[in-house]
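Next come two complexes, and both contain chain A; in the first it sits with chain B, in the second with chain C.
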Partner chain A sequence: MFFFVLRRIVMAIPTFAIVAVIIFTLIRALPGDPALMMLGGNIDDESTLEMMRRQLGLDQPLPIQFLAWLREVFSGNLGVSILTGQDVGALLLDRFSVTATVVLLAMVSALVVAIPAGLIAAHRHNTATDYAIVVLTILKLSMPSFWVGLMLLVLFGAILGWLPTVGFVSMSQDFGLGVTYLILPVTSLALSEIAIMTRMMRAGSLEILSRDYVTHARAKGLPERRVLWRHVFPNAFAPTLTMVGIALAGLLAGAAVTETVFTLPGLGKLLVDSIYGRDYPVLQGALLFIAAVYVLTNLLVDIAYSFFDPKVRLS
Partner chain B sequence: MKLGKRLFGTAIVAAMLGLGSGAPAVAESTIRMALNADIRGTNPGVTRDGNTDVIHGHIVEGLVTYADNFDIIPMLADSFELSDDGLTYTFHLRKGVLFHNGEEMTSEDVLWSWNRLAGEESESHCKNYFNGKNGLKVVSAEAVDPYTFKLTLDKPFAVFLATMARFDCGSMGVLHPDSVNADGSWNTPIGTGPYMLGDHEPGRYVELKRFADYASRDEPANGYGGGKHASVDTLRFTIVGEGAVAKTALQAGDLDLVQIDATAAAELKDEPGFKIDATQSAVWDTYLLSPASPLLKDVRIRKAMAHAIDPEQIMAAITEGFGKASPSPVPPMSKNFTEVQAQYNEYDVAKAKELMAEAGYGGEEITILATRRSGAYYERALMAQAMLMDAGFNAKLEVVEWGTQLEAYRSGDGYTMQSFSFSPRLHAGLSFEMFTGEAVRKAWQDPEAVALVYEALQTNDKDRLQEIIDDLQRRFNEEVPAIGLGHRMLFTGMSDKVDGFKGWGAGLLRGWMLKLDS
Partner chain C sequence: MEAAKQSLKAVGDPILTIERLEISFGGHAVVRDVDLELRQGEILALVGESGSGKSMIGRAILGLLPEGGRASQGRICFAGHEITAPTSAEELRLLRGSSIGLIFQEPLSSLNPTMKIGEQMFEAMRLHTDLSETEIRERALDMLRQVRLDRPEALLNRYPHEFSGGMRQRIMIASVMMLKPRLLIADEPTTALDAVVQREVLDIMEDLARANGTSVLLISHDLAVVARYAERVAVMEKGDLVETGPTRDVLAAPQHDYTRKLLAAAQLGTPNPIAGQAGEPLLAVENLHVDFIEKGFLGLFGGTTHHAVRGVSLTIGRGEAVGLVGESGSGKSTIGRAICNLTPKAGGRVIYEGTDLAECSAQAEQRLRRRIRVVFQDPFSSLNPRMRIGRIVREGLRHDKSLSEAERTEAVGEMLESVGLERDMAERFPHALSGGQRQRVAIARALIAKPDLIIADEPVSALDVTIQAQILELFKKLQGEYGFACLFISHDLHIVEQLCARLYVLNNGRIMEEATTEALFGAPSHPYTRRLLSASPRLERGEQGLHLAASDLPDAPDTGHVFFDATEADALYRLVDLGDGHRIALRAST
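Up next, the complex of A and B:
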């Protein structure tokens, strides 16, 4: 296990190097000038624009800008935001803590619902229960996240008045209040994941249910509940886990739509704002950070995979 | 009722978690508003954008500012006078004006603040407005005595005071020197405004706290000046990126006052518990025509395009009937807006076709650049495209994001026409200057027009200024460097508990005027 993890970490180094070059190049290839954005288009003369570029360090040739950035990254400094002057490293950690809270809660909630739902749908294949679960998942998949989020806000915020519609309070500041701010975004995100995971779990379970060892387990008189949880669930969950890993990494990288609708100061919102504002240091730092999140999440999923699928050995 | 339910909801969650109610104590006098993006910093005139200027405008004040009718009025100055040679401005400061740290403002603070923004070492873009790079040069700044401050120019400049009052420079706001650290780095704004900077949670909210010792002027509130008798203890601005979410939060009772679009205004107009304000601003919505486009070199094509587009229809559509066309760059609330500025190339498709035939238009493509940011850039472009096509133009819509469009604007290339807007210019000369000049981004590069604009910015003679503005308007209608549409309607939705809100053409919120109905 130790050598497996070590090898994966070493393999990540060239990945990061390539990602760094791609990030820097692509961001600079974007049309749009951060200095111009800072001035809001109100440029009264070129000298003002030049002064702003000089202040932002954008007057240097690209290779020099790249090397300067790389030197700072290696020394653990991701720079400061062009837009707000905040330290990028601290900014990313602050925003990531919000995103991670919402995403992890949503993913756990989704799995708690999706695993039994998928198993039940497969177990009651072609019955009304199965049809109902399938129709509900398709219905949810067909709804845009933005719309679902707004409808939740309208229903639970504006009409029923039960939950706050804007703002964010961290659970570390005020646990009870913090939870009320998380309910809607977590629900919104979980609903999408429930739909995807349920369908994955159902498909996996259907395949496993037709296997000989399941027939054998039933023939030897095991109760149906035990057949499902002991024999079907671990085998059907392995492919779903791969999906969970990919989805988790994607969401941790920023659930931009959810964060925008629910005014969460998360990583996705930060990323979108930094793209629109051409905030190069934040954009570069955030993309590097996201690459790290992907590498780490996939590593964790690979480790977890070995627990569900004995055929997979970490070596 | 909503609050009761909200507390009930919180109580349920808290009970489920085995906790006491976690609801915070609600301040009695707080108005909750929305900003569509976080502020860029707390350093007035240095870290700025439109949202940030609004926050800074509550914290700092300048010697002069804009009145409701865009006249320049004294703010921290008690009065000011101009020497006979038109070069020296003497400001007599108000006595007893306190900074947020309790110290009294003197001319030394004014001088320090002036050098902070306009000095050679300044990091502010504002210094370029006063160092001669734009024609205006301040050759000396002097604290004559504790309550007298003097600025001397190298030559008379009519818009000097208007430039001093610029919102993007925080009206050349006067700050206490303790606003910066001992090493000269920025710390926090210690101004003289009716509000002090409160809590700022980046990405979440920013708060302004009422300054209890604020020294208000005696006059009634007037534009960004006059008396400022703030009565609300806290102004809280939550960062809400989506307009639809801000509107929902207003309806839910989570926000008290938000900027909304025309559609939301039409919806909220008759909804009990809410009221709306619709104010015409000095923001000019226009279609810029590219000076680099070979097709548009022929004035007949430009005129044909102007006749093919109906500003009345478009303004009515994008404002849900609240607004009307005002194609002149000079805003209708300007004292220089006369019947001459009311004239424009009227919608006449037959005339457009006639001009196209005369010019030998052969179906060349007209690329209309637009973005989907708020301000109906896209909707305006879409309607213009339909109208141009109706007249026989081969118009193509290209939707890009704002950064890309700004780049095209700066280079003056990559488009034939673009749906664009200019922030308020509160002097008629500046209303033309914003798109007239020699730079490649300027749509109007005619040397005679450039010279007239320059003269408009120089003259202190009101009659001559009006003559120039009228002349520029006639030339604008003849040469069609841009096709004006109108001055943007700004919509604000608010709870009926909020009183005192008054829209203003400059488009800036004035939180000190707000009151909360108990």
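Up next, the complex of A and C:
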């Protein structure tokens, strides 16, 4: 186990190196002069520009610039935002905490619903229960998630007036109020994930239910509940877990649409804003941070995987 | 032992009664009008080909028919419980495991891969008994010892994939017999195992059943295998029970045609060895080594090397059928694969018609390799499910640019006919064919280019006994017509005896004995060969009809040889010629 984790961490190093190179080149390839951008965009004075470039290190050859940037990144300094002057590292962490709260809550509630729903649908294969679950998931899958978010806002925010529609209050400031701001975005995200994962879980369980060891578990006289929970679930969950990993990494990297619909100050919104505002230090930092989130989430999912598939544990 | 069987047979009322049972899926009956009785402590063999409905009867006794199936008529009564009309689902559930145990065919798929062995053994005990955790653990350990597994304490914390098929099946038996059921349903318990392991597992199962007075319903397609264990035999054909009777009577004087057919298949006919032409061998393998390397940490710090084949040399003459025999894991299939370059060699040479395949040009090598074709074990996975039969067979001609489309189609039609299939089967997909038909397709694909050498890797071991006999007959017939040489790889000595003139017995990657078939069966010298021979059961024709051949060979004459034992892999190995090409592996003195 220890070696498995260590190996995965070692394998992440080249991934980061490549990501860093790509981010650096892409941003340098963008049209526009960062120095000009920093000075407000309409400076004619060549010497001021020159000074700004020197200050930013832009007069150095590209490889040197890259190494200088890497050195800063390694020492934990991601620079400051051009627009607000905030420290990029602190800004990212602040925004990420919002995204992470929403996404993790949504994912946990999705799994709590989807796993039993998928198992039950498979167990009652071709009965009314199964059909009902399948129809509901298809219905949800065919609705765009931003539209569902908007409808939730209209219904619970505007018409019923039960929940706030705009903004965000951190749960650490005011727990009760913070929760009310989270309910709608979490529900909206969770609904999409429930639909996908119920279907994954159902398909996986159907396959496992036909396996000999399930018949064998029944032949031991085990109650259905135990057969489903101990023999079907751990085997059927593995493919769903892969999906969870992919979805989780994607959402943590910024649920941009949901964050925009619910005006949440999350990572996705930060990314969108920094692109519009040509806020290069924030953009660079955010992209690097997102890469790190991806690598870490996948590592965690792989470790979780080994709990469900003992064959993975050896390799 | 005969006396013991007789006395057990007479005891008590039936524990299981099946009356006029019909099992149907939708409107289609797969089992019709079956009557069976099983007494306390009796072993009854239920024999039939795949699709005969024998497994469905086993499932119905547990009330666990697959989805869509139901016992549409008749009744099953077990120890006072009406299985087909239970008072509650709970009544059936409590019988399962505690009173009726089930062992499945596939030890690879009947254990849950995500649960530790111990946990899988304990859970049923917890449910059906009031024993404490420590007592349950003790019982499980005791049971694992009884199925002759070493160091059972260590086994409990391991997962199924860490064990071989034979070990898993023994674990399975331990976990089922631990609850001391009154009835054991063993559904093809050893079909997936090779002969030596099969014998061990069935012996263990019989011992445990006899010790506990458990009745056994032994379901199998192989009469010869079950004949050794069962007091009575019931024969199923396509859903009907065609014959029931004491094993000895059924073997000696079968009443029904189908039973005779099954018996004929189990005898496999008279051996018809195919000797090759003298002179330079068609293929010679010299000092072949194949290693498998398990990668270590990060793939950097070396790894463990597993020697699958260690210095094997063999020759195949033009038109000769040569057998390569050994248990699973002996390296026999690896040799076949290495000859075809499907597995990289760690050392040694493959010489085809005097040309070392490694030394000639790539083009020449390719041209020579086209003269070698392979038939694989599993006809279900060796045919591409998305290609029509005609295209599969035609692929064998792909390299031959001189043929026109019409000629190719004609060749495919002819080939299908000569393997005993209809020409219009070319339009079908593999899933529409039975196992035997698929294997015929695989043979047609190999033969269509008229190769000099066929490497047949266990071509019949995935098939029912009756089909095995047919495919072997087909091989013999085609060999006569086409005159190809053949390397026939199998774990069953009696199958290779059918058509091979010379045999190589392989164990742990080394040749243990090499001789003409006649010499090997006449005077098997190496202990390993003798073990293989006694493991696979055989029916013999005696004065009173068929009976089970004596399985224990007479003692080997004491020749004073110190035989090489493959379990001591580091001992010095030497192949010694006894004359006439009969070679045996001895332990070399330093």
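Miscellaneous remarks
Everything below uses one rule, namely that the second predicted complex is superposed on the first by the 272 of 315 C-alpha atoms of A that agree within 3 Å, B and C clash if a C-alpha of one lies under 4 Å from a C-alpha of the other, contacts with A are read in each partner's own complex, and residues count from 1 in each chain.
The criterion applied here is as follows: contacts are C-beta pairs under 8 Å (C-beta built on N, C-alpha and C of every residue); 3 or more make two chains touch, one makes a residue touch a chain.
Quick caveat, the model's predicted, so the values are computed rather than measured.
Once the two complexes are laid over each other on the shared chain, residue contacts for A:Phe175 go to chain B alone; chain C is not touched. In the superposed model, more residues of chain A are touched by B than by the other of chain B and chain C. Of the two partner chains, neither chain B nor chain C is touched by A:Tyr131. When the two structures are aligned on the shared chain, A:Trp147 is found in touch with neither chain B nor chain C. When the two complexes are laid over each other on chain A, chain A has no residue in contact with both chain B and chain C.
Every residue of chain A that touches chain C in the complex is listed here, in rising order: 3, 7, 10, 125, 210-213, 215-223, 226, 230-231, 234-235, 308-311. On the chain A side of its complex with chain B, the touching residues are 30-33, 36-49, 51-52, 55, 83-86, 91, 94-95, 150, 153-154, 156-158, 160-168, 174-180, 183, 260-263, 265, 269-270, 273, 276, 278. By the touch rule above, chain B contacts chain A in their complex via residues 1-6, 8-10, 12-14, 17, 19-24, 34, 37-41, 47, 49-50, 123, 125, 128-129, 133-134, 168, 201-205, 238-242, 244-246, 248-249, 251-255, 400-404, 406-407, 409-410, 423, 439, 441. Contact residues on chain C toward chain A in their complex (touch as defined above): 59, 62, 64, 66-67, 93-98, 100-102, 104-106, 109-115, 123-124, 127-128, 159, 161, 297-298.
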